[in-house]
Every structure is written in structure tokens, then in C-alpha cells.
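Given below, in the form of C-alpha cells, are the structures.
Note that chain A is present in both complexes that follow, paired respectively with chain B and with chain C.
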Partner chain A sequence: MMSKIRDFFNQGGLLLFALGRILAGIPIIIALTVLVFMATQALPGDAAVSYLANTATPERLAAIREQLNLDDPLWVQYFSWASDALRLDFGMTLTGETSVSAILGERIQNTLILMASSGIIAIPLSIVIGTYAAVRRGKIFDNVSSLVTLVLASLPEFVVAIFVVFLLATNIFQIFPAISFVEPGTLAWADPMSLVLPSLTLILAVTPYVSRIMRGSMIEVMESEYIQMARLKGLSERTVILRHALPNAIAPTIQVIALQLAWLAGGVVVVEAVFAYPGIGTVMIDSVKARDLPIVQAITLMIAALYVVLNILADIGTILSTPRLRTKHARKNDTSDVFAAMDGDQ
Partner chain B sequence: MSVVKLSNVDIAITRGGIKIVEKISFEIQSGQILGLVGESGSGKTTVSMALLGHTRKGAVIESGSITIDGHEIVGADDKMLRSLRGGTIAYVPQDPGTALNPGLRIGRQILESLEKHQPDVDHEVHMARVREVLTEVALPSDTDFLRRYPHQLSGGQQQRVAIAIAFACRPKVIVCDEPTTGLDVTTQSKVLATIRALCREHGVAALYVSHDLAVVSELADDVAVMYAGRIVESGNRDEIFFNSIHPYTRRLIRALPDIAGRNQILGISGYAPMPWDRPSGCAFAPRCADAQSICSQSVPELTKISASHNVNCHRHKDSTKIVATARIERESISASAQPLLGINNLDGFYGSRQVLFDTNIHIQPGECVALVGESGSGKTTLSRCIGGLHDDYKGEISYFGNTLGKHALERKKEERRDIQYIFQSPYASINPRRPIGSTITRQLELFFGMKGSAADARVKELLDLVSLPHAIITSFPDQLSGGERQRVAIARALAAEPKLLVCDEITSALDVSVQASVIETLKNLQSSTSVAMLFVTHNLALTRSIANRVAVMRKGTIVEYGGLDEVFNSPKAEYTNRLLQHTPTLK
Partner chain C sequence: MEKKMKPKSQFRTLVALTFKQGYARLGGAIVLGILFLAIFGPFFAPYTFDEFVDVPNAPRSDTLMLGADYFGRDVYSRFLSGGRSIIGLSFISTVLGVGLGLLIGLFAASAKKRTDGLIMRANDILLAFPQIVFVLLVVSGFGTSVFLIAVTVGFTHAPRTARIIRAAAAEVMERDFIKAAIAVGEKRQRIIISELLPNVTSPLLVEFGLRMTYSIGLVAAVSFLGLGLQPPAADWGLMINENRGSLTVQPWGVLAPIAAIALFTIGVNFITDSFAKAAIGIDRKGKE
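Moving on, here comes the complex of A and B:
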């Protein structure tokens, strides 16, 4: 792995490629701001009307419109919002007490902690399950894991969450807290117990997809000729799987892992709500209820941006883990002598 | 002493017990090479894998004995097999492009065999051996080369790496499964020389599996011929190639394109049966011209002709000598003022890369011009230009004096009708969701507006022309063999009543006996319909059987262009000479 990372930075071509992908991400993010902005504009009435709802008086409407610059032309509104948003300044909440960034700052960290703790467990776990199921194809482990992952994949995550609470927090065992109470002003890892059930729910939601893809990819690799060749060299099955099969099977799985991680960012909203976990998910739901548009916009934009970032990372990861692609994007002088060698063979 | 000894080996499919191969017996002495010859489906690969104790999923060695250097393979446990594989007996795969791990550097792939089989030896000693074995197979051995990945090597180099892996641990036996199939003749001849030298020098016994008799005749000391899961004839090289008795062996030799002689190649009708529908009695009987009633009743016993020569044929006693060989009759076609097709000063490109340089070829009506070249020479690009499938070129292609549009869509309907293209792979070029009849009828409707019973009658005529039974009209492509599919592709092209057939490597996916019968079909068509052909191939020997004139192409340039005799007897280009020398042949 270290040598791969070293290669990566030695090869200017790859760095250029990565830079290209990041640059290509910028217009996508800008397009996202337009979409998010348009979506909130499409709601009936303006932000002020929907926020104040029954309590609207002409004076209060005017005040909020003033605060949000709702009387400006649309494009002026968009540019002032978008340019602030790109600097991570999402303005003030409609309650007018704090800035959106101040509310979200701590919450984002909590959500990232939750996503990271789920991802760190779910990804290696699914790789192990997928690999083992592929190796033991058609045996008990494969059949059972296929069935379990299929069931889990078809259940909505809130059902899984409720089941987890039922099993581990309330009715059967009472080991973990059913509600993740985190003191305001502290981060989630101050109380690791509160992380367990939300993470477990997310792990159960993500693992089925990734492990099934991993299993399929691994089965395909295990049937390739180079695996047969490795066996005919007399290598132990362990070496065949770990050295010859696994690295080749992981590359196609990376894209799915990235999509699943991105999905986590959305899935987290529901899961946080079930456990009352103080992340962006709960804020999102509260803000939707309160029709606090600046917060909704900020969170939507961040989740969408996360998709873009993870996809860029997945592309780079795929290239790093596939020598054929890695060398293609490497500097020219690394491949030029290959053609000379080919001529020598004729 | 026999390092390899097989006696009465049966390998069967676990479910249903259908035998893939039966009663396989042979021995190989150290330093000797046994050529195991057979067409697709004969079971030769199954036998070669069994030497390493490996069977395909769902198959099992049912009975018999296989000993490798004194160790019994049948029934041996995994640990025992692992210690033999790669150490005592090594394997050279057919396609190193898929058999080398794309994710590991080649140095590591050679090293790991050594680490596994000589665990007590120091790393430096192993590395020295890695470099030594690379030198033995004529590859660079510097660190930069060891750090390459397989995709950074050419096909020939990949195959050398695979051979280096096999020889790394100094095995007693090596099994080669058609290791030169994907290679150009010059590369092939070098790889074969390497294998031969290594076996001789180190006293390695080799099993060389191949469908290519010419290659085997150049390499092997002994030969065993397999058909439908059995060895039908075995003997030393001369016995098999010059005194063969079994009709299948003889016909196989007759199907071989001969670069030196002027013998017309002769195909074997039909195709080899799959394990589950092999006939009772002698499996070759349905395709055998000399079969009698006994042949379809009982399986012939092995008969000893000499100490080394064995044959399984009921008619071994009264089997006459090889059928008198028909010489190739070929009229020379004089250059007319107006050639059918003219390629004038054509430069072909892929974007900024030029792949064809100032190409000139003229094809007269009714003439067959062979375009010969190794992979990457540009021969397919040129034929695609003619077919209107590649339009990135400068220069002119004229049809009866009129310049053709570059892209097929820019050509007149008649021009498209008159120039028909037949593709290399009959597996990919026929719509799998249409019955054969409708595939052909479509052409008739498109070009002649022919429908209904008129079209049906014409389809039958076309099928007769390419010797296919009418029954296949309702079949789908996947119900046909490769040879049958290629005939369908030919019939489809003929439906347009073309003036020119562009045949792009159309026999390279086929067995030799099937290749020979497709060539026969084309020959007959040429004389009955006087269609002109551009016959593109990498096989110089094959052109002898079909072409009037030969163009040899190298790196996008035509280096030799002349009548058949001229090119073969007094080649002008050094490259043609090299091709002629390196093409394996029966000598």
C-alpha cells in the first residue's frame, strides 16, 4: 500500500488526473447550488410566508423578507446566497438568533463521527463477508449470508433501527441507550455508548450492498485464468485468495463503497431522527418542520457536495488499485520503452 | 525412465457420469516432447490439466493412474498436489494475457513459485534465479523489467514470462497448453525454439498440447492424436506425419495448409461431437469416408503397428495409403484495363496516428487477392476501409473506375450490395435473436425487394452453395457450430450477389478441419460465381490454397505484391522470406 501511495505522488500524470477530476467537480457543485436554490424557490409562497405560516403579519413578513433579501430579483438573491454558501457562510437562521454555520458546525462533526464509525466497521466487514462467501460459494456461510443480506437490504433503515432498539435497548436486552443523548457543546465520542446503536443501524444498512457486490466481484476473479494459474503454481489457497484474488476484486467494489458512503449521508437523516442523535439529520428534520429554509438549503447542498467528493475519491481509488489504469495515467517516460521492447520481440 | 506415465485414465463429469476422456495412456521420457493433437472438444486440455491433478469444476478423474516423477497424482491430497505443482510439474498457459495476474509485477509472479517450493533458500539466491530464468527465455532481467506489470509487455513477452514462471523451479515435467496460439509466426517460432532448448538442456519432459499439426511436427518427438475423448493414434513424429493409419489423422494432415507443397487442402465435413452426444462405436465414424457397419457398432481396440506406433481403427489393415493429393488448379487472371477494385495511394489513420502508408492494390474481377500480415500490420484497417467501415483515410478506393465514398453510408446502394464484408468472428457477426433464414432473407429484401416464397427458394439455393442443410433455416445461431455459423455469414454475403467479398480472417476462429472445408467452399464459389475476393489472413500457408495473388503487409506498408508463385518461390522482400522461414510446416 505504501508503495502505491509513493507511486501516486511520484507520477505527475496521476496528480494531474486527480486535479482534472477535482476541477470537473467545481461546475457540478455550482450546478448543485442552482438546483438547491431553485428547489426552494419552487415551494408555494416565499420563504417568509412559509416560515411564519399562521403567525404572519404584514410587518413580520416584511422583516423576514428584508432579512432574506426576498425583494431583490431572483438572480441577485441567488448570487448573494451562492457566493456566501461557497464560502461556507449560510447566513442567519430565520429565528434570527444564530448563524446557520454556528448551528451546523457541531452537528456536522457529530454526523461525521457517526458516518466514520459506521464506515470504518462496515467496509472491512463487507469485504470480509463478501470474500468469504465467494470462497465458500454454495456452502452454508454463503447461503446464510446471502439470505441475511437480502433481507437487510430490503428493509428500510428505520425498521432496522426500531428492531435494533427493540433488541438491544428496550425489550430484550437493555445494554445501550435507546436515545443518544449528547450534552450540547460536547461531541458524540464523549459518550461512545450513545454511538453504538445508530452506527449499528447504519452498518446493517450498508454492509448488505457492499458485501454482495464484493461477493460477485470476487467470484468473477476466482474463476479467472490467473487464479487457476496461481493454483497450478502450487500456491496455498490462502496466498491465492489474499495475494492474487482480493486486490483484483476490490477495484470494482470501490465505486459501490463510495456510493454507499454517500448514501450514508442521506440515510443518516432518518437514523438520527430515530435515535434523536444530535447530528445534521435531526437539524434537517427540525428545520423542515419549522420551514427554516437557510438551514435546509445548507444541509441539502452539503449532502450533495459529499456525493461529488466521494465520487471523485472513488475514481482516484479505482485508478490507484488497478495497475493498468495507474500506469496509463503515469508519466509518459514510464511506458515509452514498452513499445521499444515490443519491437524487439518481432 | 518415464517421468510421466498415464494408464487408462478416465475423466468424467461428476453429474451423470458422462466421460470427457477415456482410456488415456501414454508415457514421456525426460528430455522428450510429446505432442498431444486434437481439435476443439477433443479433451486434450482436460488431459493436460489432469497431469497437474487439476480438473475443471464438475469433472473428476474417475479411474486410471497418473504418475509424475514417481508420484501418483490420482487420489493425491491437496498438500501433495501443491508441493508437486509449480515445483516438479509446471504449466504454461494458452493465453498469458489472461493467465498472468494483472495486479502483480512480473518479478513477484516468478519469485513466488521459488518462495513456495524452495522456502529455505535466501531471497538473494531466489532473485538471482529470477534474473537467470528471464535471461534463459531471452527477456531483460533488470530491476525495471521485474517491476513491470503484464499489460506493459507484448504478447510474445508475456508468453516468455509465463515460460519463465514454469521453468523457475527447474521442474521435471512441463505442460504447455497451446502456448503460441495468439502469437505471430515469427514470435511463435522464437517461443517454440525457447521451449525446445530449455527441455533439451535441462532434461525436462514436456507435454505440448496443440490443434496445430505443423507446430507439433516441428517440436515433438512423439505425437498422440485425440478425437472425441480418446487417443486414436500415437507414434513417433515420422510415423504420425508420414505413415499415419487412422483416417482422422490422415484427414487432419490433409486439412493443414501447406506452405511448401502445392496440395489443395481438404476439409472434413461435420464437426467433432461434444462429450454428451458422442456416437456409440468409433466416434469418428459419422465423419469418416471409409466407415463400415462395424465402425458404428463397437469401439475399436488399440492395435500395435510397431513398438511405438498404436492405432485405434477397425480398418487399420485395409486402410489404403493417404488419398492421392489433388494439385491446385489455378488460372492466372490477366490484368484488365479496368480493375474491379483499385486501392490507390491510400494512407490510413486513427486520429493523428498513421497506420497505412501509400497502399496500392488492384483486384481483377473473379480474382482472389490474399492480404497477409501479422497482428497490428494494418490489414484489417485496410479491409475495413474497403468495406466502408473505416473512413479516416486519404487516397482513393475506386470501384470499376469510380471513386467510392469513404463511409458505407456515402456509397450507392449497388456499391454496398456489390462489396460484401465477412467478419472474423462468426460468433459476434450474426444476430443471435434471429433465425438463420431471416438473417439471410433480410439481405434479399434489402437489395432485391424479394419476399415470401421467392425469397425462401433463394435462401435454400444459398444454403446449398455453402453446403448447409436446409433444416437450419429455423435454427438460431447458438444452435450451430463455429464452422456452420461462418458458412451462414458467407451465405448472407452471397445473398447480395456481390462482385467482391472482403473476408477478414474468417477462418481464424475455426478448427483446421473446418477451416479447410470453409476454404473449399470459397474455392467452389469462386469458380461457380466468379466472385472476386480479398482474403485477409495472418496465415501465409493458407493463401497457397486460395489466392491468385498475394500482398504482404508489414507495419502499414505493402512490402510484397505479386503472383502466388512469385511470392512463394522468389520473394523480393526480406520480410516475406522471414515469414516463409518461420511458418511451421511438415518437413
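Moving on, here comes the complex of A and C:
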């Protein structure tokens, strides 16, 4: 009986670790809601004043304050806001009669489509570039790709966006639209041409980071003893690289990929604004200009929560892809190594 | 007992090794050129940044080197006047952010394990906000103010720098000479200033270079989004935003400022990258 229980926990080590990481994420999400909620308190005057702007009269202010529960103690306001937010109900916008969720609904999908279409191309591309550069270390491909990625990594994403527009949409070639014409009520799939330039911008922004980390990781693996061992066994270079080196080199890159995906959620804001792409980034910029705080809060919270979720997934992914850690976690739940491996934040 | 190299002479070797690399020299030349342009540019401007000189979007001519902008102002004069704000603000936010991050990182690394853990967990929470998103959240709460933007951008750098510095400093804390200093009973403040700080200068400078390029990107992006400097100010980010609509008719209003921003960030990154390579090289030699 006892040994069965022990077996269960041995096999469940990974499961327990995953559960532990997810549980550890909960206080972080709560802390994020507190921080984002506090942004409302920073407003000079309160939400009722900004809501009514120039049309404020004492009676109307009082009415709005009651409607928004502004007379309750702060913690009551926080709990009602946070419990609604957990159900993805972010209340009404300050300027209109619509709810925040109604505005964000299909915009979120559009943003996810953009992030996905960039990530699906950028990540395999960077793994290929990084691996090839490492294999050809010091040769022409390595030197050129090192220079190009260093230059691209330097450029702010809106600079890349405008270069891309100049090159492919307006001045040199006129192949793709410079501005999205996705009609309201339809998803970005409906107009794939509109997706090309925003995705290309994000791909050019993400690929340099991931490929540089991949190259470094691959070089380290290629110098290791077990790769020399594999070569001495007489395996072909192709097998050595693809079967033995690549899987081991990807593990340390997973954290960077997760961080880059989380970065995409922020980078998307500026890039969407350049292309007037109908996602949450464009809404965010418009709402910041209108100082419509409920929308800004909702978007900020979602992006921050995505970061936490991606990090948890990356931790689990790192363990799954590293045999050494996998067995270690079957024995005890020591996570220090994994977090020491986290690096490369943008 | 490990050999302790004098930090000062080591630093000098590091700088020498950095600028032995071609890219570092190229980067240095670019950065100096753009800095010169930003600081002294306004003195060479043929017109003031806000006077009307021609019809909107007038093409290049003998009198207007880069034509007129969407409003009929001289692009060349506005370009020469538009670098100070963005580079100045970026510099301020980098100094603030890296400085604050350095303090937090050194403090955490030299603190008790519990305090260290607490600080770094709080730090991790702040990392969840992408920098631009946090800046936008603050701007929507307080409205646009150039000073506020510089401070906020700096603030978003701090937790990221703190993490790097803490990691570097924690490694130094394990070394013999720190243990000796603690055993002798040296004050923590003294350990931080005279033992820890000199030994984290390489990661600190790499951070500074990296954060400088991000600062420029962020400050310019905020202006570009129309939330930073307000018209009629001459500012590279704002110029790109204003003249974007006439990119096809008169590209110079966009191309000149965007090229300057791109060159500056590339230049800074060339130096930073070469410095990092030199620092890693020295580290490797030390271990062998």
C-alpha cells in the first residue's frame, strides 16, 4: 500500500510541480488586479468627474457616483471590481453605454490571430536560423545572420513597422495594404492581406531575440561531451545535429520563447496602432487618448495575466523537455534550477 | 585564495578590448554623430522649427533641403531641432531606471534570504506588465506630461535591471573576499559600495546600453502615438506621426527622423554587444 502511494507521487512529481506553479500564479494574479485597480485611484478627481467631464453638475455627479459605487469604501469597490473582472466583466466604458467586454470581444480574437500568425512563423524560423548559425559558426551565414539580428534587435517596433510600410505598401512596392480594412463584425481572417504587414513587423521583432539565444544554446550543446561521443560512435553529422543536439538546445530557449510571446502582447499595441489593425492594441491607444480607464484597465490586466500564464507554461515546458530535470522532479520538488535558467527578458 | 584584479585596471582593459572590435568603433562613430546632431543641430537650422516656409508637403528644393512637412514647415530645420527631446528624455529615464534597478538588485543580493526573496517576488509581479502597456496605463490615469513619461519609462526599467544586477551580485556574494569582509565585520553599506558595486560594473554597463535603446524606442513610440510631446514641438517621434499620412508624396518628413532613431539605437547596440563580448572573454580567461 505504502509503496503504491510512493509510486503515485513519484510519477506525479511533474503533476505536483505543475499544480504548485499554477497555485503560485494565483497570488500574482491577485496582486496584478490590486495594482491595476489602484490606477483608478490615481486619477485626479474620481471616475465620475472624468465620466461627465464638462457636463458635471453636483446632482449628476452624485447620481453617477451611486451608479459606479464610488461612495463605498475602497476595499468594497475593489472586491466588486475584481470579482467582476475574474468573470471577464469589466463594467461599462466611461464614454459610451456599451460594456467593456462587448467592445473587446472580437478585438481580442483579432489580436490573438495576429499574435498566433506571427508566433507560428517566428518561432520555427528562429530555431532554424539559430541552429544553422551555430552549426556554421564563424562562417558567412553565421556572420551575416548575427549582424542582421543585432540590427533588427536594436530597432523599436514602430520603426520596423514604418520601414515595412515604406518598402512594401507605399513607396517602393505597393503589394500589401498599409492599413487594415477589416470590417467591424468580421474577424481578421476575412482579409488575410491585412494580416501580412503587421505579422511581418512582429516576426522581424521577435526572431532576432529567439534566434540569438538558440544559437548560443546550440553552440554550448555542440561542444558538450555527449555530442562528441555521438560523433565518435560514427553517427552522421545530420543525425548528431537533428537527433542529439537540437532537442537539448531547445530546452533553454523555451523560457525566451515564452517571454517573447508575452512581449508580443505588448508589442502588438504599437504595431496595431501603426496599421489601424482592429485588435485590442488600437482600442487601448484610443482609450488612453479618451482616458477611458475601464477599457485600459481591462486590457492591461489581460496582458499581464497572459504573461503569468505563459511563464507557468514555460516552466512546465522546460521540465518536460529536459530529461535531467524531469527525473529530478520525480524525486523532489526543487525548482531553483529551473528558475535560474530563466533569462533573456526584453 | 582567488586573485583579485584591480577593478579600475580591469575596466580599462575591457574598454580597450571593446573598441578593438570594428562594430564598436562603427557604433561609437554613429552615436557621436547623432549626439552631435541632436545637441548642436538647432544652431544649424536655417529656419525655426515652427515657421511656415512653403505649401504643405512641398518637395525638396534649393532652399528646402528636405522639403516642407504636412503643415508647410521646413523638415530639415525640424529634424535638426527634434533630437534633443527624445535623446534627453531617453537618457534621463535610463539613468533613473538603471540607477533604481541597481539599488534594488544590490540591496536584495546582500540582504537576508527572506528579504531577498520577498523583494524579488514583488519585482516579478511588476515584470508582468509589458513596458509600453504600463506607460500607457499611467498616461491614461495622469494625462500626457513629458516629465511623467520619462519617469514612468525609467520606472518600468527598474525591475528588469534589478533582476540582472541581483543575479550578478548574488554570484559575487559567494566569493572569498566578500566572505572575508563579512567575517571581519565590515558594514553592509561598505560591502555594497566598495566590494559589490565594482564587481558588477560589466553587467551594469551592458544593462545601461540595452535600456538606453529600449528607452529611445519607448519615448519615441509614446510621441509617435500622439501621447508624448504635443504640437507644434519638433520631436522625431512626433514628426513621424505627423508626416505619416503624406509618406507617399513627401517621405522626408518621416524618413529623416526614423533614420536618425534607427541609427542611434543600432549604434548603441553595437557598442553594448561588443562590450558584452569583451566582458565574457575576460571572464573566460579568468576561469581558465
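General remarks:
Just so we're on the same page, the second predicted complex is superposed on the first by the 299 of 346 C-alpha atoms of A that agree within 3 Å, B and C clash if a C-alpha of one lies under 4 Å from a C-alpha of the other, contacts with A are read in each partner's own complex, and residues count from 1 in each chain.
One rule holds for everything that comes next: contacts are C-beta pairs under 8 Å (C-beta built on N, C-alpha and C of every residue); 3 or more make two chains touch, one makes a residue touch a chain.
Everything numeric in this text was worked out from a predicted model, so none of it was measured.
Touch criterion met: A:Ala262 reaches chain C, while chain B stays clear of it. In the superposed model, A:Arg243 makes contact with chain B only, not with chain C.
In the superposition on chain A, contact of A:Lys289 is made with chain C only, not with chain B.
In the superposed pair of complexes, A:Ser224 makes contact with chain B only, with no contact to chain C. When the shared chain is aligned, chain C comes close enough to touch A:Leu35, but chain B does not.
In the overlay built on the shared chain, the residue A:Gly234 is in contact with chain B alone; chain C does not reach it.
Among chain B and chain C, the chain that touches a larger number of residues in chain A is C. By the touch criterion stated above, A:Thr57 is placed in contact with neither chain B nor chain C. Within the superposed three-chain model, A:Ile162 lies in touch with chain C and out of touch with chain B [touch as defined at top].
When both complexes are aligned on chain A by C-alpha atoms, chain A residues 345-346 touch chain B in the first and chain C in the second. Chain A contributes residues 28, 31-32, 35-36, 39-40, 42-44, 150-151, 153-159, 162-163, 165-166, 170-171, 262-263, 265-267, 269-270, 273, 284-285, 287-289, 291-293, 296-297, 299-300, 303-305, 307-308, 345-346 to its touches with chain C in the complex.
Here chain B touches chain A in the complex through residues 52, 54, 81-87, 90-91, 93, 95, 98-104, 112-113, 116-117, 140, 148-149, 151-154, 156-157, 165, 184, 186-187, 190, 374, going by the rule given at the top.
Residues 124-125, 127-134, 136-143, 160, 163, 213-214, 216-218, 220-221, 224-227, 240, 244, 247-248, 251, 254-255, 258, 261-262, 265-266, 268-270, 273 of chain C touch chain A in their complex. Chain A makes touch with chain B in their complex at residues 224-226, 228-236, 239, 243-244, 247-248, 322-324, 327, 335, 338, 341-342, 345-346.
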